[in-house]
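Here subunit A shows up in two complexes: once beside subunit B, once beside subunit C.
Let's turn to the complex of A and B:
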């Protein structure tokens, strides 16, 4: 037990834990914030994994061609939005099953990224670090939150913007209505499927940024295995957060901490079972759902397609 | 789907379906060919390699059938839960857990050969059903949507099996039998494997026969039995089902667990049948090899019809077995993932287009009457 506490203390007091947690959490938060919007509008968007990978790949290619981090980040949007476009148009215009489309897109993007990576082999490097004065000198969390590479700071704009968009605009209200009760929304003149498509495009937008962040601010080299199921962890974070943005971000931070502490624990020379830690986000989410099932509920028509006149 | 209208003969309708499917599949293939050409490849050798690898080559269609068997079994389970109105998207995990269950109990019991094979298959199905049972329990006891729980349980299952493969009191093989691998289970003994009879120079495990007979059984049960009728009623309209005395909890949980059981059975079949790329009669991390995800796609592309799933499983299996030959043409073998993805997307388009055309026709017909 002593060993456990000293390990926990070492992990809690090491700067690298906080740095890694912030990096992992940021990547998850990029993906999860858009996924949250899509789920509030009623789509369980499992192609977020594919969006992240596509965004990562296009941003790597964009950077390889132009040598500019900013253009690399922007071209990450292209990948995310293209996948979002296919998901949105297939599932909410053609009324195809959203899971078939999502699963297929994940397989498709994984194959395509591997195939094209082999052909193009984009070269990338990391964005420069940018310390925010004063704040970055805070102990423990200073470097983690305010001493990162600059694409990290996009998140500080993106998250409040996402909240504002969903809770303080008419568009956001209509979007939530489409996710809760599409029949009523439709009757009151809201184009349900259009709102749902737009929400998926927003998910593609943030996931594209997330892909760019992964390549240009976290890893620095594209490989098709780098996303490695973290799109699903982002989905778990949204569910864990009970479909609130605050909870979603808390989920991202918690799961990122689990991932980061795995690295730190091993780095500090302790032995830990990585399988159990890797499944922790999912187990915690399932337990959370089971325990709080009566207080937290998903958007009422989550994952149910809307076709006017069919119910 | 909406009923055909009097203005349209059934031949014209069948023709329309045919043209729509033809066009979209052609479009998907054209896109794939364009992709290969755009990266300085040549599409003709790729097609040849795909055909050689999946059906034309010596003994290759046996391989393809061997891969199609588990796919079909997974798809059949999905058909049952899908008809009950439940969205099970966790077959990948259920399959893996089923295979692990089968491995563990197969070695613990270790009975005489043929009997043990049957037991292994049974335990595989039990393991899958129990894993899906967690989702069923959460669904009907705590109200957690099964879509979410089955999806989340996929990773948990995979990690749990990988955990088991670390300890020799669970799944890991004893020291001497591991070879140079870290996480591997003991290999099934010769008399614990499914027979692989030879048919016209092609060898495949009898999984294929099991799968096809199960497809026939599922199709008949769903269409012709009281139980199947109740399941379909539950899926179509839960309120009607409830009023007519069909317990959503009872039938829904049964359907979900059956679905997981089929996936687990598929896992046990992969273990004991040892077909294409399914390891060497032993369990390793990543053993499930996307068969669960692909099987789910098979069921959804077949629009939850058991018999239609048979040819579709074969096509998807062919893309799998063919991909190993594509590499020799100098084009990355992963291109088959792309082809498969594009094909699935293409197969989704015709039903959607038909739906909107029918709706348009209905609207026009209604306008005529007013």
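Let's turn to the complex of A and C:
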């Protein structure tokens, strides 16, 4: 038991744990913030996984062509938005089942990205680090929160902006209504499926940025296995957070911490079965869901397609 | 077709006056094989309150949904202020100044009052100005409400208030109320009709009141159009008509005094007492005994509190009380849905395990559930399938459904219970509320139960269907079935019951026989006063 606590202490007091937690959490938060918007509007958007991977690939290609990190990030949007477009139009215009569409897209993107990666083999590098004066000198969390590569700081704008969009604009009000009670929203004169499509595009937008972040601020090289199910962890974070943005971010941080501890434990030289460690973040996710998920209330019409007409 | 003679009457009127606020011509709408609106012609004048009266399924709601752009008509045209219009969307209707206060609310519960009020408007979201406007309207029409309250926390009456404010905020010239009092208390209804008058008197709007309650239409409106089976069959002036003649026009035949009174919502002490005196029960041994039952729900809320009752064969026991005092849980208990903390339920002296699925039904208790859509029927399945939903034995061979047998059985029941539908294969959703309820009744009686629990059996039904249900319950009692009638309609209880129990706070607050009903005591018991 002592060994466990000393290991835990080592992990907790290691700068690299915090740095990695912040990195992993940032990637999850890019994905989860848009996913949260989509779910508030009533879509359980499982193609976020595919959006992340597509965004990562297009941003790698964008950087390879131009050599510019900024353009690389912007090209990430292309991948995210293309997948969002297919998901949105298929599930909320053609009324195809959102899960079938999402699953298909995830498989499609995975195959396509692997194939194109072999064909194109985009060369990428990481954006430069940018220390925010004073704040980055804080102990433990200073470097983690304020000493990152610059795409990281997009989150500091994106998250408040997302909150503002959903709770302070008419668009946000209407998409919340569409997610809670589409019949009422429709009767009130709101185009429910258009709001739902738009919210999926927003998810594509943030996931596209997330893909760019992964390549240009976290890993530095495209690999089709790098997203590796973290789109689903982002979905879990939204559920864990009880469909609030604050809770969603907390979920991202918790799950990211589990991912980061794994690296730290190995980095610090502890001998723990690595397959077991690999599964740790997912175990934490499941535990987190088991403990918290039943206490929260999802949007009343989450994952229910809306068709106009008499009930 | 009865509608046709009315076409000419409507056309004649149009010549006499300038363009009405709304003119509907030849509006027809079919849902599958059901004709909801059959060439309806109707003119609505400015500055008046128009009543549209009809039984459930007469086509009133569909007609209004067409006017508001929620349903597209198959044929016919609409003119607003004499100008022909295509209303294919609620937004178009809103632009034309048509607003509707919906029967089933169009509110989003997790949102606040002001958020709901502004929902569907355009332009920048300005919470402060919306809140102010809510306050102004509230003051102007006496509809006081807290703009920051969550709609999900409000009572039905207050929700409707939000709905009305939402509608009036757009300053509509035509306001439609669809069954506005179905969720209101009598006091709330009176308040509603007061503000309705204000809306018309102050601004010369056109108000349409859709209802199946005779007294409501009679007292709150100026002109009354009566619909039956998708057509407007008659028009009467509220000042010159009376309830019986409206009732005749609505059902197309004389209705019995009982259901007419039920429709009117009137209570006639003398008559009720007379009816109760005529039958004095010689009480047989009880078949159902509920002994000191208590149950609590989530968070330790007391649902039933030391409740006891007996029911004898052939007896109709009415459970009266203000809704929400445990009546629903009593019916849940007898549907095997509620496990008990204390007490027991006995049938013929045998204790029945509570909360075990199907145990009550096997012991001979049939239930007409309170919410038929929720737990009585499956809307997407056919009439025949719904009839054998819980017991397929009579239509099955070697545990396989025999389609031919099912068909015969269903035809027989449809005929016996006069269920209006296109046949055994008609989908349940295509039936009107009254006919859906007949399917439930037929199915429950087919079990040959010893006890029949009827929970709010006439809710949302029209005069004819209410009358029918009452007759069937009395007939069942005549056949020796013990009937437990749970109803929030006091008139229904007084009309049918041999004995009346009043529920309050999850227990039986008092009991009285048919012969010695004291209305005042009844009221006190219902209100929770010791009497």
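One rule holds in what follows: the second predicted complex is superposed on the first by the 284 of 311 C-alpha atoms of A that agree within 3 Å, B and C clash if a C-alpha of one lies under 4 Å from a C-alpha of the other, contacts with A are read in each partner's own complex, and residues count from 1 in each chain.
Following the convention adopted for this analysis, a contact is a pair of C-beta atoms (placed from the backbone, for glycine too) under 8 Å apart; a residue touches a chain by one contact, two chains touch by 3 or more.
The structure displayed is predicted, hence computed values, not measured ones.
**Student:** Looking at A:77 after the superposition, I want to know if it touches subunit B, subunit C, both of them or none. Which is it: first, second, both, neither?
**Tutor:** neither
**Student:** Looking at subunit A, which partner touches more of its residues: subunit C or subunit B?
**Tutor:** Looking at subunit B versus subunit C, the one contacting more residues of subunit A is B.
**Student:** Mind working out whether A:97 is in touch with subunit B, subunit C, both or neither, as first, second, both or neither?
**Tutor:** In the superposition, A:97 contacts subunit B only.
**Student:** Considering only touches as defined above, state whether A:159 meets subunit B (first), subunit C (second), both or neither.
**Tutor:** Neither partner.
**Student:** By the touch definition at the top of the document, which applies to A:186: first (subunit B), second (subunit C), both, or neither?
**Tutor:** second
**Student:** State whether A:207 touches subunit B only (first), subunit C only (second), both chains, or neither.
**Tutor:** After superposition on chain A, A:207 lies in contact with neither partner.
**Student:** With the two complexes superposed on chain A, say which partner A:88 touches: subunit B (first), subunit C (second), both, or neither.
**Tutor:** neither
**Student:** Help me check something: in the complex, which residues belonging to subunit C touch subunit A?
**Tutor:** 31, 62, 65, 70-71, 89-91, 94, 102, 105-111, 115, 118-125, 166
**Student:** Show which residues of subunit B lie in contact with subunit A when the two form their complex.
**Tutor:** Going through subunit B, the ones touching subunit A are 35, 39-40, 87, 89, 138, 142-145, 147-149, 151-156, 159-160, 162-163, 166, 290, 293, 296-297, 300-301, 332, 334-338, 340-342, 344-345, 348-349, 351-353, 355.
**Student:** Enumerate the contact residues on subunit A facing subunit B in the complex.
**Tutor:** Residues of subunit A touching subunit B: 44, 46, 86, 90, 94-97, 99-101, 103-105, 107-108, 110-112, 114-116, 118-119, 229, 232, 235-236, 239, 273, 275-276, 278-279, 282-283, 285-286, 289-290, 293-294, 297-298, 302-303.
**Student:** Flag every residue of subunit A that touches subunit C in the complex, lowest number first.
**Tutor:** The touching residues are 168-170, 173-174, 176-177, 180-181, 183-190, 300, 309-310.
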